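Dropping a structure here in structure tokens format, bear with me for questions.
Residue numbering begins at 1 within each chain, and the chains themselves are lettered A, B, C and D in the order written.
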Amino acid sequence: MANRQPHSATTPRVAAFDDWIRNRFIDLNSELEDLYEAQENRSQVAGVGDDLKQVLVDEGRELIVDLLEEGNTDEGFDRAFELLGNVGYYMAACRRHDITEPSRERTSPLAEASALAMHLGASLGTVPRFVSSHMETYNRSINGRYRTFTWRPAEKIFLDYNTRSALAYMRAADALGRIHPMGLSHPAANDLLVDARNALDDVLRLNTELADRLDVDEFFFCVRPYYKPYRVGSQEYRGANAGDFAAFNQVDMLLGLCLPTEAQYTQIVIEKIPYLTPDEQRRLHDSFRHPNLLDSLLEQREHAGEAWFRENAQAYLEVCAAHGAAAAHHHDELVARFITAPSTGIPPEFLEGITASGPPLDVLLRALEGLRDRRLAAPRDDIPTRHDDLVELRSLIAAP
Amino acid sequence: MANRQPHSATTPRVAAFDDWIRNRFIDLNSELEDLYEAQENRSQVAGVGDDLKQVLVDEGRELIVDLLEEGNTDEGFDRAFELLGNVGYYMAACRRHDITEPSRERTSPLAEASALAMHLGASLGTVPRFVSSHMETYNRSINGRYRTFTWRPAEKIFLDYNTRSALAYMRAADALGRIHPMGLSHPAANDLLVDARNALDDVLRLNTELADRLDVDEFFFCVRPYYKPYRVGSQEYRGANAGDFAAFNQVDMLLGLCLPTEAQYTQIVIEKIPYLTPDEQRRLHDSFRHPNLLDSLLEQREHAGEAWFRENAQAYLEVCAAHGAAAAHHHDELVARFITAPSTGIPPEFLEGITASGPPLDVLLRALEGLRDRRLAAPRDDIPTRHDDLVELRSLIAAP
Amino acid sequence: MANRQPHSATTPRVAAFDDWIRNRFIDLNSELEDLYEAQENRSQVAGVGDDLKQVLVDEGRELIVDLLEEGNTDEGFDRAFELLGNVGYYMAACRRHDITEPSRERTSPLAEASALAMHLGASLGTVPRFVSSHMETYNRSINGRYRTFTWRPAEKIFLDYNTRSALAYMRAADALGRIHPMGLSHPAANDLLVDARNALDDVLRLNTELADRLDVDEFFFCVRPYYKPYRVGSQEYRGANAGDFAAFNQVDMLLGLCLPTEAQYTQIVIEKIPYLTPDEQRRLHDSFRHPNLLDSLLEQREHAGEAWFRENAQAYLEVCAAHGAAAAHHHDELVARFITAPSTGIPPEFLEGITASGPPLDVLLRALEGLRDRRLAAPRDDIPTRHDDLVELRSLIAAP
Amino acid sequence: MANRQPHSATTPRVAAFDDWIRNRFIDLNSELEDLYEAQENRSQVAGVGDDLKQVLVDEGRELIVDLLEEGNTDEGFDRAFELLGNVGYYMAACRRHDITEPSRERTSPLAEASALAMHLGASLGTVPRFVSSHMETYNRSINGRYRTFTWRPAEKIFLDYNTRSALAYMRAADALGRIHPMGLSHPAANDLLVDARNALDDVLRLNTELADRLDVDEFFFCVRPYYKPYRVGSQEYRGANAGDFAAFNQVDMLLGLCLPTEAQYTQIVIEKIPYLTPDEQRRLHDSFRHPNLLDSLLEQREHAGEAWFRENAQAYLEVCAAHGAAAAHHHDELVARFITAPSTGIPPEFLEGITASGPPLDVLLRALEGLRDRRLAAPRDDIPTRHDDLVELRSLIAAP
């Protein structure tokens, strides 16, 4: 009866590389992590475990040479995107183990991996490196195990929660995105606002659990280093950010807390777009064209006395509150505890590249603070927030 | 501060027609409904209110002639799709009032409306008539009022619940559709299954409320007649079905309860595709290519002892149960009470075209029963259902 | 050095069926054609060669059952579309040999082929039957041989020229479609008009050669019968038309000789859309939204004295002349000699289904005449043509 | 009769800005060019014509502020893309007149223009600056005049020929791209190869005329400076290249002269992708997945004796020759005469940014030489070319 669907599309070479990434590769990285950990200064990577590193480089290259010869045989998005992820895992591990280092080189020494990654990225329309979707929503699990770099529990905890949180954001974005063609005064809009709020409440709950369960040092010394920038060919690509999915920004813009015509915000979003899957790229492009809910409510302020207005403005405000709370928690708990705090403890010469996107930590933190305050609609003089508009909205529906 | 976004894209002619559809048009239809209701045989429409009908035809045509002259000026999907809906409302009302009648004509006498509708449908890639999305998820509401044919409360009750129920199905489909790239054994899959089940529980709750609140006669005599088949140019298009959205079938196929390689089922889905928005068409095409969850679980039966298997198979079975329950309620309550029952009470010569899609009622009912039983995975000899596969799955996770 | 790219995507079952279609299947059809030809009445098919027919049905079914079991494994458009073509070839041959006959059945007796075809069509977004692109621009040739039904030279002659002519139309459509974003007064527009004219001249030349080389009887009795309507599941789909590609109508509308807001014309185009590849469907949708060249010239009549106007209006008129000439030749030579003439010689009971799209021959011919006259901008009272507008344009650029 | 289609989509503010760009803006730039020319050192721009520059900045900003307030109202690709072009023209002129200078600033002082450009770019999926398509294939002409920066004849000559040459490349790419689904041994493939060769011959002819007619100094001092890199917000975007269209690289890869799995080549293509229109981006992505003609011929070398092989291999070689000849002319004539030569004459401190893409001239020239030699299939030890494969192909079809 069953509709079998064997994965006939996967060639033996693709399967062999995938198998290597899912087993041997993780063993090698894990052994190297043990060596680093055994040292006084865990950040000291150069010169440690050189034989293991050589094995890693060579075994990976051999499999990649075979794939390059085979070419990209037009077998659908999923396969090509998974393969790009696998090549990217390999390149990122080489970067983590200091086998490659972008500031030291003008071109990646991983020539074959670069060629394959660029070939795949160009045919897919994404950057030619591994991105967050490879680790999360496109990280195909086999009997309960998805791809990781190491066997360390912290990595799995981090990814489990990140993925679940990203999916909750997607649910919120889907719900909010469906309001626009119906309008906020449509009787079904309330369901969508409530669904979005629930989803954003889930985000906060999940991120809070993550903060509880994730070991700071393990994360800082054994997980994050795999997410650093690296070169593909001669071009350096910034590291993978947990925030590299569209839904977060869709929520920002659909709620109207961040504006697609505000330069500083848009700059941040634009930078991110090539790091998304083509489908998410499209969703994000679209959300730059859609009206936002806050403007829409304020334009209808003459109907503030109507039941629909009071009810949906209230529901809208609750979505904003949930979005703001999750953003604040992210900034004030996750970033503070897992990045800022441990960064203070280590020698400055090892701090380089601490952030995935490149700028110095304090510049990054200030930018993140600005984002948080937009999402909180906090009163700020220096950057545009919707503080006053939310005040007006609240007063419009305050009991007379 | 606000990002204004006036709807500059809407031309004055488009706005004038929209205004007419949202006000005067509803008045005229409502007056005609009052006349029909005042008769002994409510089904008697011909020859009643002829002056009102003439006004309806003439006023609509005048506005449409202006629009035809203006042409379709490439202003984005939303505007063109809304306009197609408005032309369709007009044509459907003419059909309901027996001003046009497809079996009587070889070409629609509404020549200008036909030309405009075909022009829009061809440029959008949908059928050139109004479809369910026009009444539901794309029915833009202005200060709490979306487009309707009449002022009758039954129409609003029907649409409110239909829209909300359709949105709940979409949420279920989105959640299930995100499992496939991660695999069922991914730690995040459980959240998605739970979300899908909750959404399908919402469907049943909403449909139950609908059944409670909707007046049978009002629905049968004043609402459904607007959803009949009509001609656009020389081609007859079947009526609007509440089921004309992709999510329902996406859930069917993603769960694996209905199979994209089973002819009878696929035939039904194929017929529906042109009645969907382009975006929903694409989603549905895609779901024909994706593996289904039931096959995926059964192929991993050797891992039935694992925690992930027991947990997610259980969650999967609950999604199936919720989908089956909503489908059974739809068939056994909604169809039975609102279509089958009242149909028995009226003279046969008025029964023609009782169903939106054309086939005689008993044929339609048998087909719907088959769909219900697939969704219930009921034991059937005559059509393929997943009954035995679900039995196996249950036994796999039964406590030892 | 070479980038190998073996077709790893093709499964052994897909390859086996393709091989059968390219060899054994052609043998069987050819043998059957010999039997039919040997009779007094070549149109007599029923009851002739029943053993061969059984072999054809059985061998094909066996291969298709294997494929159905394998399912559609998401391996990219090309493979799925080719496979749909192969299934369609099989079903069309069964129709030609009277093994199936849509007016005799309510459901195709080719159950497995129907299921596979619907599955593929639904996932691709095209009708679930073989279409002209399968015979022409997507008919992959292996060492000089593409797929045919028979070994008869007439079939190859017909397809060679049809394909080449279709490609020439595509070149014309591409050129004309690139004018709109630049405007007709752009210095580069002339190159595009000239290229379009050259391409349309090629069409006429190729169609003229076709008329010279194609044997009327062979075409009428051994080629066309494979292009008849047939059922897939319970739905009947009209036959394959040589005109089922978008470029022809793109040229019509871009030139402005046929208008996307004229009901009769648009009806014809809409009917055709599902018989195109998704890419061509999109192109055709787009051309419904674009302004046409003739309106654009007339709106700029105040510049008729400018060099660009005179030059490009002249070039535009030459494109129209070439398009009209090819259309007239198609109607007055190809249709007249290869369809109308031989139809008169055969008994009426065998004339059923003479036209691919179903309507009686005289109705079809009248419609085709209308199309020809639009393309010729001939003076007609009964249908809208651009005769008067072309007269005006000519007078605008006539020497003073 | 005519299908009117007024450009209702264009808002008055969009029209006002377009009008300014098409008239006043050109006047101001032209006056500034006159001032620069009047100096001994034409490269001296700073401090010259400061009052005119201020007027340029202020008038432009005022119009842009209005547009920013209006937002992007989802009116289809063409309008948004044209508007992005207009904003980009303004920003590029400010760069040319040294009003902004990326190495001097961390953020563009043109804050409003930056915001609007980013908003538009993000919603379109292109870089937020003006690109070659704005100057060429999407440069809408009104009564014979398209957008330019100045009234200088050299600018028009350069753009006229560039546009025509780009269109000829597109025609070649379209033809070659249609071979792959049919295969090189299809009887229609020859027409496509011949069409491609003719189109590439046109390129050479047009580029030769360009070289004859274009004044070196005018081009170097008054045209190219408008194509320099500039910042949008804080990000610097490289300048507009005449080569920023997909067709050129499509031809490279479809012919197999450049390989999508060769890192150096792919790097160059990837860099270019965001500077293309979304439609061209998609075409280019696709061409990374398709087999190339040279590999395809060589894989069928056992059929070298067949007529189709000899004929199409010959035709293929002629396409390669035409592509190589045009590439060689571009490098050896256009680049040499219009860039390299005049660069030698001017003081080094004014040479900065001489190339649109940033690297020093000699590095760029070496890279361009490599591209030329790939296209010529020249014998090279240091970079991969198809020299040996073409030798083999020629020998395969040499008379015995």
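Operating definition for what follows: contacts are C-beta pairs under 8 Å (C-beta built on N, C-alpha and C of every residue); 3 or more make two chains touch, one makes a residue touch a chain.
A quick map from chain label to UniProt name: A, B, C, D = Tryptophan 2,3-dioxygenase.
Computed from a predicted structure; not experimentally measured.
Visitor: Mind checking chain A against chain D and telling me if their interface is mostly the same residue numbers on each side, over half, or mostly different?
Guide: Same residues, largely: of all residue numbers at this interface, over half are found in both copies.
Visitor: Hey, which chain ends up farthest from chain B, C-alpha centres compared?
Guide: Of all chains, D has its centre farthest from that of chain B.
Visitor: Once you find the CA centre of chain A and the CA centre of chain B, what distance in Å lies between them?
Guide: 36
Visitor: For chain B and chain C, let me know how many angstrom lie between their CA-based centres, rounded off.
Guide: Averaging C-alpha atoms per chain gives centres 33 Å apart.
Visitor: Could you state the distance in Å from the CA-based centre of chain B to that of chain D?
Guide: About 47 Å, centre to centre.
Visitor: What are the residue numbers in chain C that touch two or more other chains?
Guide: Expected reply: 3-5, 71-72, 74, 78, 260-261.
Visitor: If you look only at chain A, which of its residues touch chain B in the complex?
Guide: 1-5, 78, 137-146, 160, 163-164, 167-168, 170-171, 174-175, 178, 181-189, 191-192, 195, 202, 256, 259-261, 291-292, 294-295, 298, 300, 303, 306-308, 384, 386, 388-389
Visitor: In the complex of these two chains, what residues of chain B are touching chain C?
Guide: Counting only chain B, the residues touching chain C are 68, 71-74, 111, 114-116, 118-119, 121-125, 128, 233-235, 260-264, 266-267, 269-271, 273-274, 281-282, 284-286, 288-290.
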